[in-house]
Amino acid sequence: MFTAKSIGYWIALDAPVATERIARLGYDYVVLDGQHGFIDQQGLLAGLMAIELAGCAGLVRVEANNPTPIGRALDAGARGVIIPLIDSASDAAAAVAAARFPPLGTRSYGPMRDPAGTRPKPADVNENVTVVAMIETPRALASVEEICAVPGLDGVYIGPSDLSLALGGAYPGDPAIADVFEQALERIRKAAAASGVAAGIHTPTGEVAARRLAEGFVFATISGDLSHLEQAAAAHLDRARR
Amino acid sequence: MFTAKSIGYWIALDAPVATERIARLGYDYVVLDGQHGFIDQQGLLAGLMAIELAGCAGLVRVEANNPTPIGRALDAGARGVIIPLIDSASDAAAAVAAARFPPLGTRSYGPMRDPAGTRPKPADVNENVTVVAMIETPRALASVEEICAVPGLDGVYIGPSDLSLALGGAYPGDPAIADVFEQALERIRKAAAASGVAAGIHTPTGEVAARRLAEGFVFATISGDLSHLEQAAAAHLDRARR
Amino acid sequence: MFTAKSIGYWIALDAPVATERIARLGYDYVVLDGQHGFIDQQGLLAGLMAIELAGCAGLVRVEANNPTPIGRALDAGARGVIIPLIDSASDAAAAVAAARFPPLGTRSYGPMRDPAGTRPKPADVNENVTVVAMIETPRALASVEEICAVPGLDGVYIGPSDLSLALGGAYPGDPAIADVFEQALERIRKAAAASGVAAGIHTPTGEVAARRLAEGFVFATISGDLSHLEQAAAAHLDRARR
Amino acid sequence: MFTAKSIGYWIALDAPVATERIARLGYDYVVLDGQHGFIDQQGLLAGLMAIELAGCAGLVRVEANNPTPIGRALDAGARGVIIPLIDSASDAAAAVAAARFPPLGTRSYGPMRDPAGTRPKPADVNENVTVVAMIETPRALASVEEICAVPGLDGVYIGPSDLSLALGGAYPGDPAIADVFEQALERIRKAAAASGVAAGIHTPTGEVAARRLAEGFVFATISGDLSHLEQAAAAHLDRARR
Amino acid sequence: MFTAKSIGYWIALDAPVATERIARLGYDYVVLDGQHGFIDQQGLLAGLMAIELAGCAGLVRVEANNPTPIGRALDAGARGVIIPLIDSASDAAAAVAAARFPPLGTRSYGPMRDPAGTRPKPADVNENVTVVAMIETPRALASVEEICAVPGLDGVYIGPSDLSLALGGAYPGDPAIADVFEQALERIRKAAAASGVAAGIHTPTGEVAARRLAEGFVFATISGDLSHLEQAAAAHLDRARR
Amino acid sequence: MFTAKSIGYWIALDAPVATERIARLGYDYVVLDGQHGFIDQQGLLAGLMAIELAGCAGLVRVEANNPTPIGRALDAGARGVIIPLIDSASDAAAAVAAARFPPLGTRSYGPMRDPAGTRPKPADVNENVTVVAMIETPRALASVEEICAVPGLDGVYIGPSDLSLALGGAYPGDPAIADVFEQALERIRKAAAASGVAAGIHTPTGEVAARRLAEGFVFATISGDLSHLEQAAAAHLDRARR
């Protein structure tokens, strides 16, 4: 799904009207956060409809590496899933299996909104589902080459906050671990390239996204609605007070 | 409720976590839009709780000049109501009556979240409820002095988009009517001052709010979450593509 | 619907599981408060199902004397409607019309959950819908005899809080107006009896309900979930601290 | 919006996934019922998104001839509104005004999902909003020619159940009034043709829709999800028991 | 719970009014799909109330073989649970344990809507809870005799779509595996009969249900609301176009 | 978080207005029941806001010992989590890890409403999160000393109903096991004291809470809204009938 230099946006709020507007701006994909976001099952469905309506690709970062939320996101029409807290190749393989119908995987068949309802062969559906493993724990970093080699995995995605803490940072972005952090990114990017899977990263701004894409990341997500809205409201208040 | 140069923020999205963050930034008040916003009854309650939690004053722009939504907003804990599309002094008087318990008005007594539950006299509650009439139609503009003189009214609030169309603009902000528009604003501000009610205005940015407050408006609301979020996401995408 | 000494319970919370338990206790009817309660359209449906499941009669106190909420409550399966803030016989006649299909009234036909779906004649449905007018304003009190004489009206219902304020009380239950209040009750009860409609009253406790029924009221509602829960939690805390 | 022989489907259930599937079948339009249906504000938004996603035109039958629900449906992206219980030309004119921005009408400007957000002139939006008046009361029938002549009205729509009762039928479809009913339909169709507005009718099945379109109606809606689902489940049970 | 030739209906939509109507048609049971259906926690509660109101038995197909959704369904009043993707006798035993209070199982005690609230002994509740294991994976088929022998299991239920894919079908109903599929059904039915548990099967129509019951299945569910509604709307459109 | 003789209240209903009123009564903490209660994700957020608004500490009894609901409760602003059905020290250690950021645990970083958004070091957040393990199974009782010794655990909490059944009681409160039950309580209390963690217990009334606190329990929760409301409604009905 990710072509070179894909740019996405990250949604944590259950506000489909806002999600639709953002998806219409030209982003390559929009991700609904089912882990830390405040979006319930009905919200995921409405959000995916809003994104699709905008002609954009909707992904879901599921709450956990578990077949239930993975299946629900895909049944609701997600083009792909981002799986948090992957620790090992076997974790990644389980995620892949949960997202693909037999014989590739073990996804349960219950076509609701996805193309399986209209296509003759579930196997064809499998080709159009993207599975991305988050690399954000010490164990994941230690086995990133094995994770990238898992058959059927489409991408790896760096969660910088969790990865920072995992690397010993006192807080996300802690400069004390900046070198280690950048080395980790390079290792992940190289592992992905070696296995032919896309490497992506979560970023706070368009500027950082541009820099990461220039470094060789295939996709970068800008995050996201909750913090950008807070920042905008703060900036307007500041200007109003002058 | 409005002291000199009060600055508010305008919420159209049912996203209480975002509303709370914005209310914590230092705004004097936050308005939940029950007319054009996508916020249902449960969302108004959650939004008012979020605003109050931030130590901020929550208002509701009700869907219409009707006792039902006015009473519901106040029962849910709103500190005041902004009434759209007021056309006349009698409209304004009806709004005032709907927001005040007897003998000042005809608000029905059903204390749920408002202070009436703990105070001995509903009349005391009346003192703490703010009623604001929107001036955004030709008829309202023509009788703004009478509207401002309605006993119990606390403020008037200019809706620039509807007022622009009302004044013959082809679209909000149409420069063809800029002079007429500014004269209308001045007339409204003077009428308010003459009657001792607060004049406020809806603005798109902190800069415009600052300018309007400098011109003499007592309160200005910056609007709002939906468009600011869209603008922020557009700006980040633009920077990511460079 | 009201036989002699009917006892009801008043629900302001959208908590169908609690509503069902209460309806199973043996109350003759349970009222869902659509005016001051925090119950949306989906909550009214769930609450009415819960009450019906308990073999109890579900009523809705609608938000206003307006055909839309009256029709919605009946479409959702309410056995009757209680209309707030009736001011005159014409108000009461409008309420009756909104709750009855032609030729008795003007209720729009859209059988969803009510018996109209299975009976041949809408006129039969009309017989099973109860319409109750609240008497809680000065104007209503002044014309209560005319209100009670409105054809098709089944009952009148006293809202003591609003009536207290209407009678000049500084707060509900103000002893300064106790005599006037009791005289008003007697007038309403007699007017109802003279026209053969049921007189009912809203009460805070079982004791007061018993007293009002002994005085001759045909039905009395005990109100309600929000305050009783608060009182119970307060009493338990008090005992826990001893 | 209605070209010759437009066929629509009627939705009363808040089930956007089903609504989307139906809208994908090839219907010219799909109507969400905000009057008798069980669809709240959030459901209208999701339903309209689902219909639009299917490349179909979404309309809303609003709860009443009132600017608030008319404005909300349009803000949420409806391509048009169907107004129940229109009684007179002035009712129809009020509906038209509520659905059009100045100078054509008095719709309040608050672009959320409609094209007003991206087009320079609200007047352009007005051209793309369809307003349909329901003819289903005795008064409407008596003044149908005047109603059809209201400037800006796009269509009239027959509600056969209410119209049957209005004409003295004991129940919808009562054969005792069949002749009078058909004459009413002809009168309405002719009045519409004379004024150049589209005449449409609510029907229970595809067969009836075909017949009505053959008679000259411009659009016919098949109603609808709740009864068709019940009928299908009944038929399957019947066959299962054999 | 299943007597000979029980016929059920399958619900995937959160539309309690439709669910109630279907449950009133005479089905022996109705299943709410918590795995592939779009029904959240509140929807399960409303759906179970609607089914119970119709005097019908409500079951829930839970999202996974996990004590949390099993307990929730039963707390909400389900008469039984259908567990997807059972792979082994130990899986089935875990499901049984999660649905029964000690000493039979490990269900956590929190009576909300189930009869435990009014009966003296949780053990009595256990007798009235039905637990059904889905047989739809290769591993389940291979150990179906052991699964059927698990103490406390009440039934097995064939999921034909997943089972088809599991057996190598390219899509549900693939004729290439028809013989193998029918042999699997026979094996499952015999295993159930040998252990005295009820064998059931998911079917698309009343006709297929009748055939399966004639073959010896004890219960058959007709599925379901989403596809039947789509089929009905398609058929009506087809007839309207003629 | 628990000081000596802390008294809490237990909420099973998604009714934030009631929750807020109860939290304002002076309870030291209020627990939202995410296991047996009928409170969804949106309800937990609203409930936690309501409790915080009252200046009270909000806890969540999560649905299971699983990082997803633990993380969600904390992201939504819970001051602590109560984990049901802990069976062993390793279970307790997993719960502690899920609730604390690295290096103390493995909680995923996604600050939404908790203080992590504004503090420089996630480690500081860890200090303010309370983790309580429920002791309510035979295995938990058998290893309660090891559980209490788990680093980072703040308290243990007795679930008397499940514990009664676990100890062989035929129903909660079965006098046949009263002695064994009291001995279990003493063992748990001593184990907690020995490890310096707080021992708490679930109680049905203020009287029982007072007794348990007198016996040495550090905190006692009175449970709860659903049963107290039912009891109050029953008592009022009883008095009304006299």
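Per-chain residue numbering starts at 1, and chain names A, B, C, D, E and F are given in the order in which the chains are listed.
The rule we apply is simple: a residue touches a chain if its C-beta (ideal position, glycine included) is under 8 Å from a C-beta of that chain, and two chains touch if they have at least 3 such contacts.
Just so you know, these numbers come straight off a predicted model, no measurement behind them.
The chains that touch both chain B and chain E are A, C, D, F. Between the contact lists of chain D and chain E, the overlap consists of A, C.
Taking shared numbers over all numbers used, the chain C to chain D interface scores under half, which places it in the different class. Of all chains, the one whose CA centroid is most distant from that of chain B is E. With centres taken as mean Cα positions, chain C sits 52 Å from chain A.
Averaged Cα coordinates give chain B a centre that lies 34 Å from the centre of chain C.
Chain centres here are Cα means. That of chain A falls 41 Å from that of chain D. In chain E, the residues that touch at least two other chains are 17, 38, 40, 45, 66, 112, 226.
If you sketch which chains touch which, the pattern fits none of the simple shapes: not an open path, not a single ring, not a star, and not all-to-all. Under the touch rule stated earlier, the contacting chain pairs are A-B, A-D, A-E, A-F, B-C, B-D, B-F, C-D, C-E, C-F, D-E, E-F.
Those residues of chain D that touch chain C in the shared complex are 12, 33, 35-38, 40, 63-64, 66, 84-85, 136-137, 159, 161-162, 165-166, 168, 170-172, 226.
By the touch criterion stated above, chain B contacts chain F in their complex at residues 16-17, 20, 42, 45-46, 49-50, 52-53, 112-113. On chain C, the positions that touch chain F within their shared complex are 7, 9, 13-15, 17-18, 21-22, 25-27, 38, 205-207, 209-210, 213, 220, 222, 225-226, 228-242. For chain B in complex with chain C, the residues that touch the partner chain are 40-42, 45, 66-68, 71-72, 75-76, 101-103, 106, 108-110, 112, 120-123.
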